[in-house]
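Order of writing sets the chain letters: A, B and C. Residues in each chain are counted from 1.
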């Protein structure tokens, strides 16, 4: 692969090769000296047109632990104000000799555009509602650790499906890995048509949870929901909050995932968030290993 | 020690061991190549909920000179806006494999809270009015260089005592080192009761300065003083500005310290600030060595 | 040289020695591992009192590729708000052991002031309308590559000359290198007297372009032009935009430079910006090599 924009063109072997590298990186991260200088002398630029400190830090740290130099560009502090176009910014950074661009934007398609302008590798760190492939990779890697294998497993994804790039990328990737994906949420927050890669869509939470091997809870993205789509937070809770009781419909011990940051006691009961079935911190930890693996594969090729 | 939150539980031997390491670090800093890769592969996160570029840079540079990777999180640019709690932020960074957290907050107790959530070492870089232990360590290290020993020495601390975490931490640490600490300021800026670790408190500046071995001048923290506490800056100057004349009450040549940033000609006569008795730049320089020593002790243990 | 503030005191041999080092750095930058650890253990501080992400990143990356530690200070996030003076900030950073200061300010003369306060090397990264010497060095280096030699060459610089530190520094440096510099723009944007180092000044664009070996187009700095100086952007375009047609007055194939960021289709026809005569990306790329060379010469001396 030359870029990681979404999973179009990926197959299961590609994902498994990446997971193998991620497992090697996870072993590195378990040492006191969490470093392997594979990317020494390479340069990674984070280019964020939408603020997200945790995702930015996760990539920066992954790059640094591989020995790369890191530069950070964010639209707030930028000279975009001075009339500089996105294209000029990207071409300028490319001319500095940047080897990989990590791009986040509030508009869908920006990372694709960037990939057409530069020779460097481009990693989509989230574009609008469209895709967030490294999040999906770390989710699938974590699920794979917990369930041993994803083929034929039923995964329920619950929440604001319509506005969620995490739901889209997970549906795409989990489909490639052979899982059966169910997307559940209140009708106004469900997709009206397509774009969900064969996942089943339902407003019936019980149907999605019944016999599920794992439950992924999405953040209610208040800032993205146009006024009026959701009657009230209380209504959401009443109908779709994942609670201990509702979770009893799924397989015993089915793990819970959440991409963070969490609205505690909105989309997920706080006790569940901190309980033994929560994989939330494993997701964050695996995010480091997976992002290191992605940088490694894109810049050095597949063999770890 | 596992954390540096304040000096509770510290004894003189612990401080002296740290100062020995700081002296070794100071020697490193005198070389053209100011680096010793003791913390290679370790990760230090600065987490600032109150802006302070100079303190942040001081810690970042100390960590980098020890070979550590550094990530910076500040509440302004953070997703705290998106409803992420302090706890989620800290747990996320911890799951990335951060080895030491350097925490500054405008509310007292935040670094203590953080230390209860994570396995990593926590360094308090200033919390509200409560404590600023690395500032006190660099002050005491600098005083120790100037006076050779602190046992029995009279140290006057002058200014807005009430709102000063620097005064609190210095009173605590200098007490451990056997110094006699006097805290002087206008009555509304003096503590009404306790919390100053046995230091003497007085509104009588002359009493505090009489025979002092050293004088520490605090910044008048305009942004922290509730309106009306201080009649006027002119009144403050008339009564408490440290001038050449007032300083004649102290021991001949008694050095002057100031934690910076200074309001020139408010709390301290400008000519004194730049004069031969000022240790202000020695404090800043020693801050590097002391912060390197703190990181070293917390992450690798005492022996330098 | 101890500092790079402007080109006063420079001669052609000094510039040529720097260009020789820049060529060596450019070779390093053509490798997959773009790093030469000549400045390992040295510390470079960027101190920006005027935002400019691209220039800041260019210097940071140049320093990192030489193995230096980098710290960044910008006035926005700084404690300058807390009444800290510029001098205190600079002396604090110097006391941390900073070896080189890269200073940008919206007021002329700030980098000179800084150079009087510290022992460290000071690089002017742009001060008001006065000077931007690393931009001029990368422009001259790029012109030198394109034209083989600058002695006797006619270089036209077009745009808002009056407010341009780029025009001033280029006029100074290109003069040292023996070029004939013409400065052209609408009368209100031309200097009324002096300060342009012997360059010829004209409102007659045709005269400047006639037979020019190269054309440097400046950005119309809307944010710096006092209201009323320029009738309208449309008028500017009509009279001074560099178009294919106007460019036919210059030597065949004469290259076009622009310091960026560009206002496409204002000062320069968009097709020219992306056409074969544009050296814009070569300028950016050479900027890395030239800035590495400047850091190298200032911190280690001339021999590369």
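The rule is simple: a contact is a pair of C-beta atoms (placed from the backbone, for glycine too) under 8 Å apart; a residue touches a chain by one contact, two chains touch by 3 or more.
Since this is a predicted model, take the numbers as computed values, not measurements.
S.K.: Please categorise the chain-chain contact pattern as a line, ring, star, complete graph or other.
M.R.: complete
S.K.: So if I superpose subunit A on subunit B by CA, what angle comes out, to the nearest 5°?
M.R.: Fitting subunit A to subunit B on C-alpha atoms yields 120 degrees.
S.K.: Do the two copies subunit A and subunit C share over half of their interface residue numbers, or under half; same or different?
M.R.: The interface is built from different residue numbers on each side, given that under half of them are used by both copies.
S.K.: Measuring from the mean C-alpha position of subunit A to the mean C-alpha position of subunit C, what distance in angstrom results?
M.R.: 40
S.K.: Quick one: which residues in subunit B touch 2 or more of the other chains?
M.R.: In subunit B, nothing touches at least two other chains.
S.K.: Okay, in this complex, where on subunit B does subunit A touch?
M.R.: Contacts found on subunit B: 40-43, 69, 71, 73, 77-79, 82-85, 88-89, 91-93, 95-97.
S.K.: Where on subunit A does subunit B make contact in their complex?
M.R.: Touching subunit B from subunit A are residues 29, 31-35, 51-54, 57-58, 60-61, 64-65, 74, 76, 222-223, 260-264, 281, 284-285, 287-288.
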